[in-house]
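Below, chain A partners chain B and then partners chain C, in two separate complexes.
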Partner chain A sequence: MDETVAEYIRRTVLKIPRDEIKTMLQKWGLLSETQLQTINFRQIKENISQDVVQLCEENSADIKQAAVLDIIYNHVYPNKRVWSVYQMKKTGEETEFFDLTDFKKKFKRRLRSALKNVTINFREYEDNAIWIRIAWGTPYTKPNQYKPSYVVYHSQTPYVFISASVLKSNLPLLCQALVLASNYHDIREMELRSHSLNSLKDIVFKRYSQNFQTHYPRPLQERNVAPESADLRIIQENKTEKERIERVNREVFGDGPQPKLEFAQYKLETMFKSDPQMDVLDKKEPFRCLVKFSSPHLLESLKSLAPAGMADAPISPLLTCIPQKARNYFKIRERKHFFPGSFVSP
Partner chain B sequence: HLATSLPLPPERDHLRPRIDLVAFMIDIKSKYSLKNVEASLAYVDDSFFLGKVCFLVTGVGRVNYCSIEMNAIRNLGEVYCSPVLFCELEVEGSQVATAQRLLRMLEICAGHVPGVSALSFSSLMRNCADD
Partner chain C sequence: GVFAHLERLEAQAREVAVKQEKMKQEEEKRARLKARVRELRLQRDKLLAKVRLQKKQLREKRAMSDPAKSGARAVLEWKIKNIKAMLQVSYLTGINGKRTKQGVCFCISTAYESTYLDSYYVHLLVKPEVQIHQHSVPTFIPLEQIAKQYLQTDIGRFLSVLSDHLNAYAGRKYQADQLQEHFSDQIEGTLQRNSLCNLLVFNYKVSSKSKTFPFNARLLYGDLCCSLPTEVNVSCTPDAPASLAEMAAAHSDLFSRVALHKAFRSFSSDEESMD
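And now, the complex of A and B:
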């Protein structure tokens, strides 16, 4: 077995939390049950990985098999990477039957014709998700297994989730190969990025609880809200206002958990509005400014702003439109109307 | 009675007892809370500022998160001749101690302590400013 393969397997095993190593190796399937029995999974990870490499040596594992373990690890821990969402477009209306073998063949062929040195792995999962791992090389160097790109494609949808490696130069080629292999005509990057792959899927597949615009009058005298404080001596003067805030918030955000995003970024290209007497900027140029919101769970924190008294309800639609518009990167330009304002560009 | 801002909603006027003490809470981490308090002060009748108003500043345990300057708070206390109490309501010990202080002040403001009236608070304030 190649030294580089051994080292790669060793490092991949070291990434896995100790309690998960056995399960992942079983999923991998390269080592037999009897071989796995010989490993002591209670020793330190350093030693476990050495034992695993030893056994892989006996099975003469190659780089493609080692890459499968990497896919399994990333499938269980996708949140360690940043994922971007891409949408593919078809000009025709026909929904062709998706042929997996055909897809794989076309994909590999396109990549290999451009780059001789690539390692490509496919793995299918239950929810129609196809995971593709690509390790990139150059015409003169072997593929770098430590900086692979990941693609998750749900064949029944036009959406592709890509976690590109640092080597962004291969992105156009990757996109081209995807479009060709899946019989689409075009692909565009959506302005939607996050660590949480499942949340991105929730947003584009509309799986989160949305606020439906129901126009029925709010039933009066509905006191099904449990009293906030058990102590009846505390009297809330602004109970009606609090209830209004809760209601408005629920209408905007819905009742269920929010998809998990870490950032929202707004690039402002609007004119600076100051007191005309102050005349801060003599040139009437757009004032370029970047506003970035970051949080471990951005949408939940936005949802709790108004009830916590830190912002007025309803919250600005620029913030609340994030799941509906399926984007968290915005460009705001001046509205070219009679009235000064701003609009969100597509 | 807890309120988020002043003026109080008029629909509850008939249910409200006499108000003996108004404690304005300022969260040192939020400029918004200071602005809110400053706006609400305009709705307080002048007679309250003879010892029946105090400022409660919370969040002082975490120096790194201060959004409000100490000068602004000291100024507020001086301008309105009212005591400023600092506390950390997220710590149980401080919670209890602050509640006890407020309760003591309330007893005095409500006239339950013979010989001491709310006016004493204002005179205490002036002494501190002199030295």
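And now, the complex of A and C:
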């Protein structure tokens, strides 16, 4: 077995939390159950990884097999990477049949024709997600396994989730291969980025809870709120206002959990509005500034702003439109109207 | 002597007269008050009797007027029940709508055979022109295409076509899920499917008389509004006996007519009947 392969497997195993190593190796399937039983999973990780490498030697694992372990690790811990969403466009209106083998063949062919030194791995999952791992090389060097790009694609959808490596120069080639393989014509990057892959999927696949009015709302039991305080001496003075805020909040955010985003960025190119007597700027030019909201869970925190009394309800649509517009990067330019930021550039 | 005596007698007489006057007045007063008391007592008794009578009348009136009141109430209740039943019926047909401030919100419920599946929502704005405001339709359903074709001209048609797509997708997905859930022991390897569930490729085996027969199936669902395949290819290994080829052809026919999980169910029942 190649030295580089051994080292790669060793380093990949080291990334995995100790309690998860056995399960992941089982999912990997390279080592047999009997081989796995020879490993003491209670020793320190350094030693576990050495044992694993030893066993892989016996099985003469190659780099492609080693890469599968990396995919499994990233599939279980996708939130360690930053994912961007890309949208593909097609002009034709034919029904798609999406043949997986066809897709894989076209993708590999396109990439390999441009760049010989690439390692490409595919892995399909239950939810129709196709994971693609690409390790990039150059015409003169072998692929760098430590900086792979990951692509997650759900068939027959126009959305692709890419976690590019630092080597951004390979991105155009990757996009081209994707477009070709999936029978689309064009691809563009959306202004939507997050660590949470599932939340990004929730947003673009519209799987998050939106508030739709119907004649059959969900059973009332779900709306039960625990009694505020058992102590009857405590009276809610502005109960009506509180209820109004709850209602407005629910209309905007829906009832369920929000998709997990870590930040929202607003690039302002609007004019500074000051008292005409206090003319701060000599020239009338846009005041450039960047407003960035960060949070471990941005949308949930926005949802709790009004009930916590920190903001007025309804919250500004610039903040609440994030899941519906499927973007968390905005550019706001001046508009003739009173309502600022209506002109949101694509 | 005599005048003084006379004066004294006069004074006495006067005193007695005054006393008597006083007593008379008091008597009169007492009599008057007694009369007043008697009068008031009489009035009180009259009023009490009146109250009693009115109470009795009220009770009688209530007992009499109840049927009239319950009549109006009953009509209202019947009306509400009727509307609820209509809503229930429209909900059962799969498409129901609710007016909103900005337009109408439609809920399309899907079902396959006798199982209710997911519901999807489309919120339409009606002015300035009909457009989709918000929706929860999955991205692989060609919503924009359907909207482009029908939304402006015929909303009913738009909804019915969308409902056909969603119901067919739900049906295909249900069949594939049932296959993976209940017949996984007959499937070799993984079931290759896609988001729309309109292309299924898998290897399966059928056993009879303790022999297993492997097949490969490729089901193509060309019509997105249909939950049965338009093209079925069942093949076996090239060196298989002719009887197997016949079986493959039979299966091919079966898959194009019958729901996938039902077809597999019939295989196991065939196996039981054969043994």
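Going forward, the second predicted complex is superposed on the first by the 324 of 346 C-alpha atoms of A that agree within 3 Å, B and C clash if a C-alpha of one lies under 4 Å from a C-alpha of the other, contacts with A are read in each partner's own complex, and residues count from 1 in each chain.
In the analysis below, a residue touches a chain if its C-beta (ideal position, glycine included) is under 8 Å from a C-beta of that chain, and two chains touch if they have at least 3 such contacts.
Predicted model only: the values in this text are computed from it and were never measured.
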Once the structures are superposed on A, label A:100 by its partner contacts, choosing first (chain B), second (chain C), both or neither. second
Examine A:235 and indicate which partner it touches, taking first as chain B and second as chain C; both and neither are also allowed. first
State whether A:289 touches chain B only (first), chain C only (second), both chains, or neither. neither
Under the stated touch criterion, name the partner, chain B or chain C, that contacts more residues in chain A. C
Just to be sure I read the superposition right, which of the two partners does A:114 touch: chain B = first, chain C = second, or both, or neither? neither
Find the residues of chain A that appear in the contact set with chain B and again in the contact set with chain C. none
For chain C, which residues are in contact with chain A within the complex? 87, 91, 96, 98, 100, 105, 107, 121, 123, 134-140, 142, 145, 190, 192-196, 198-199, 201, 220, 222, 224
Please output the residues of chain B touching chain A within their complex, sorted ascending. 1-5, 8-9, 12, 30, 32
Given the complex with chain C, which residues does chain A contribute to the contact? 93, 95-100, 124, 128, 154-159, 204-206, 210, 212-216, 324
Note: in the complex, chain A contacts chain B through residues 234-238, 240-242, 309-310
